[in-house]
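Reading through the structure tokens given below for one structure.
For reference, chains read A, B and C in written order, and residue numbers begin at 1 within each chain.
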Amino acid sequence: MCLAVPGRIVSVGDDALKTGKVSFGGMIKDVSLALVPEARVGDYVMVHVGFAISTVDEGAALRSIELFKAMTARNRSDTAPAEGEGGTTP
Amino acid sequence: MSDDHSLELSCPLPTLRQQTIALAHGGGGRLMQELIRQTFLPAFDNAWLAQLHDGAVLPVDGGQLAFTTDSYVVQPLFFPGGDIGRLAVYGTVNDLAMCGAKPLYLSAGFILEEGLPLETLMRVVTSMAEAAQAAGVAVVTGDTKVVDRGKGDGMFINTAGVGLVLQEAAVAPQRVRSGDAILLSGDLGRHGLAVLSVREGLAFAGDIRSDSAPVHTVVEDLLSSGIEVHCLRDLTRGGLASALNEIAAAARVAMAVDERAIPVSEPVRGACELLGLDPLYVANEGRFVAFVPESEAYKALTIMRRHEVSQGAAIIGRVMDSEERAVVLMTVLGTKRFLDLLSGEQLPRIC
Amino acid sequence: MKYVDEFRDRGAAEAMANAIRRSVTRPWTLMEVCGGQTHAIVRFGLDELLPEKLTLVHGPGCPVCVTPVGLIDQAVALASWPHVIFCTFGDMLRVPGSRRSLFDAKAAGGDVRLVYSPLDALALARSHPDREIVCFAVGFETTAPAYAMAVKEAARLRLSNFSLLVAHVLVPPAMEAILSAPGNRVQGFLAAGHVCTVMGYTQYELLAAQYRVPIVVTGFEPLDILEGILMLVRQLEEGRAEVENQYVRSVRRQGNEAATALLAEVFEPSPRAWRGIGEIPASGLRLKPAYAAYDAALKFQRELAQTTGNTEEDPECRSGLVLQGLLKPTECPAFGVRCTPERPLGAPMVSSEGACAAYYRYRKPAMHETSGSREDER
């Protein structure tokens, strides 16, 4: 359960709920930033039912992505060289 | 009620200076005549309608007639990129196009709720007139009824339409064949999300506008190019997944579709991810799928991309020879799953 | 979409699947607790990428599925009163109570409104001072802070027409119930990444040590789930039983302290019956006495007492077994035959992330004769 999606903070409000505007690929929703007091404009946050529940640790995210790239490259060279783009799933 | 305090002492009946629809407007009497003369006639402006007869007698060249009807109950009445009137005209125009016909004449039946601001009705009717003109069709006959306050959601519209069939061979699911290419005319999800974006409880901002638009000119182009168009279907409620399933069932075929080939814009993706919606099931308006022989696929694609309404067209899959009459989706990961009909409307989820 | 698409990369998924395959030497049974993970697994066909030796069972992490019938009946009763505006997430709309669902109540004229956030319900309370706004507060620890915030805000605004029908459930007691059940086959857990985003994962360290099971806190995108499975398999193969965090971009060990403080202020643990499973002690949340004015069950106690709850499930429904990972939906004799999304026997067939619904929607029964029909993969 718990559908939470990453979005980029576009603006921060100063009402009781710290309502800011968060962009999800261009779709903008009002989101309460009250639970992420450290978040700033430009940060990515995970949003669930109208609330940001965490700031995305972009460093950690990028490290994960780099790890995936390395695994992909190793996997491509490990598996049969005749394989083209979008290879078969054994 | 108008807050105009200058009483017309010589005229005991309320006139169109009234600002809202009253039950009397549907009563068949003078008030209704006034409404027709002052609202519908000037907007739709054609000789048939001006006759104000029970129906319109229309000239038709020899051939086959396509006939369709649809009712429009969208809430709210106005949304980014469109309104109920525009939908009512383009929806029926497109249904005729899906039969391989050139749309010609429309009827328009209105069920109005008592208390509807006249200004709202005029906005919708003006929008319909603009749409009719853009689509090259005439609204030649119509009807108006008024229901009690609380019984109507503001406005319901029914449009029926006739058109002249352009192609000798029928354009219908029964002509779909194994190996046919499946083309999609553009990106998904705009209409459903545009309407959702102004609904209480789910509202959001951003550049998502309804894709309500006429598609008959691109269909005419396809038909006159010599391509053997087997089937056309416009995507409305239930989205792409429902349309494909309906055709697969009617044509008794299976289909394989590639998720990576299906265009979805970034804001639509963002909204769907956030609300827990699958874009393949979200309503569209100015979008259709076409089934053509595989050898004609690229030719058809080129023609579609020449028109603004289908410039984002893509080949998304093919019809398969299979025991299992199902629509199978290849996911972005290369795995497979069924794309089934939903039992009801798709609902946003949080889990 | 940033931080979404990179975690759906096909090449990386294949690489990860191969790494899992290389690591597995013996059969293992793993459970993903969270319904959102179930949904992702079936939607992206992730189980197709896993080796045969790995069995993935789906857990009770669908708060919609586990909400007790009695609470749904109360919701339906409240929704049927003309002065009430009943707010719910879409997920709950079609789940049947003992006789009816909220959808049925709406069709019969109840003012049932779909909301995305508790804040939308709060806005309704402000704009409709003459109506009673009741919110169905469903969800795990991920969702509870949002409701806690709504209640605090209602208190600050001195709203007297806003209340919650609380149905929140907690994950760790459920996991413990599964682990301590006789016949448990689960050897490792993918813990729910968004629950842990809020709560952190210290609670799981005790479970891991006590029951000697590895637990990996996992996200929801395909690569998160595959990486979580890889980490779990490695632990199992190496004989370790630790708590590890795969979802590092969102989860910190101590969780979200603002959120946990808020939860502690507004809610307290309570007993809760889990539909199909039975009562699990201290597995639910209820509003603290200071916030009793916002508790719909108390506020409307007298009226609700008249709701006679025949809280029995359809005897043919095996959702309890499915939710505990003891039965695959496709192994249930009623699956797809007497139990479909149109005519469900129980909640997991209706909820969009219930295991039964997920299997039905993405895999028809025929598909589960593994080989055969999938042979024509190009």
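In the analysis below, a residue touches a chain if its C-beta (ideal position, glycine included) is under 8 Å from a C-beta of that chain, and two chains touch if they have at least 3 such contacts.
Bear in mind that the values here come from a model prediction, so they are computed numbers and not experimental data.
Q: What chain lies closest to the overall centre, CA atoms only?
A: C
Q: Going by the touch criterion at the top, tell me which pair is linked by more C-beta contacts: A-B or A-C.
A: A-C
Q: For subunit A and subunit B, let me know how many angstrom lie between their CA-based centres, rounded off.
A: 36
Q: As a quick test, compute the distance in whole Å between the mean CA positions of subunit A and subunit C.
A: Spacing between the chain centres: roughly 22 Å.
Q: Using the touch rule from the top of the page, what residues of subunit B touch 2 or more other chains?
A: Counting only residues that touch two or more other chains, subunit B contributes 266, 269-270, 273, 276, 334-335, 349-351.
Q: Of all the residues in subunit A, which ones touch at least 2 other chains?
A: Expected reply: 1-3, 5, 24-25, 48-49, 86, 89.
Q: Using the touch definition from the top, which residues of subunit C touch two or more other chains?
A: Each of 1, 4, 10, 14, 35-36, 48-49, 62-64, 89, 116, 120, 139, 143, 353, 377 in subunit C touches at least two other chains.
Q: Touching subunit A in the complex: which residues of subunit C?
A: Residues 1-4, 6-7, 9-12, 14-19, 21, 34-36, 48-49, 61-64, 89, 116-120, 139-140, 142-143, 145-146, 149, 153, 156, 192-195, 197-198, 220, 223, 227, 248-252, 256, 258-259, 262, 353, 377-378 of subunit C touch subunit A in their complex.
Q: Taking the complex as given, what residues does subunit C use to touch subunit B?
A: 1, 4, 8, 10, 13-14, 35-36, 42-46, 48-49, 62-64, 87, 89-91, 93-94, 113-116, 120, 124, 139, 143, 222, 340-342, 351-353, 360-364, 366-367, 373-374, 376-377
Q: For subunit A, which residues count as touching subunit B in their complex?
A: My answer: residues 1-3, 5, 7, 21, 23-30, 47-49, 86, 89.
Q: Of all residues in subunit A, which touch subunit C in the complex?
A: Interface residues on the subunit A side: 1-6, 8, 16-17, 24-25, 32, 34-37, 44, 46, 48-51, 53-54, 56-58, 60-61, 63-65, 68-69, 71-72, 74-76, 78-79, 86-90.
Q: Provide the residue numbers of subunit B that touch subunit A in the complex, in ascending order.
A: Spelled out, the residues of subunit B in touch with subunit A are 204-208, 265-271, 273-274, 276, 334-335, 349-351.
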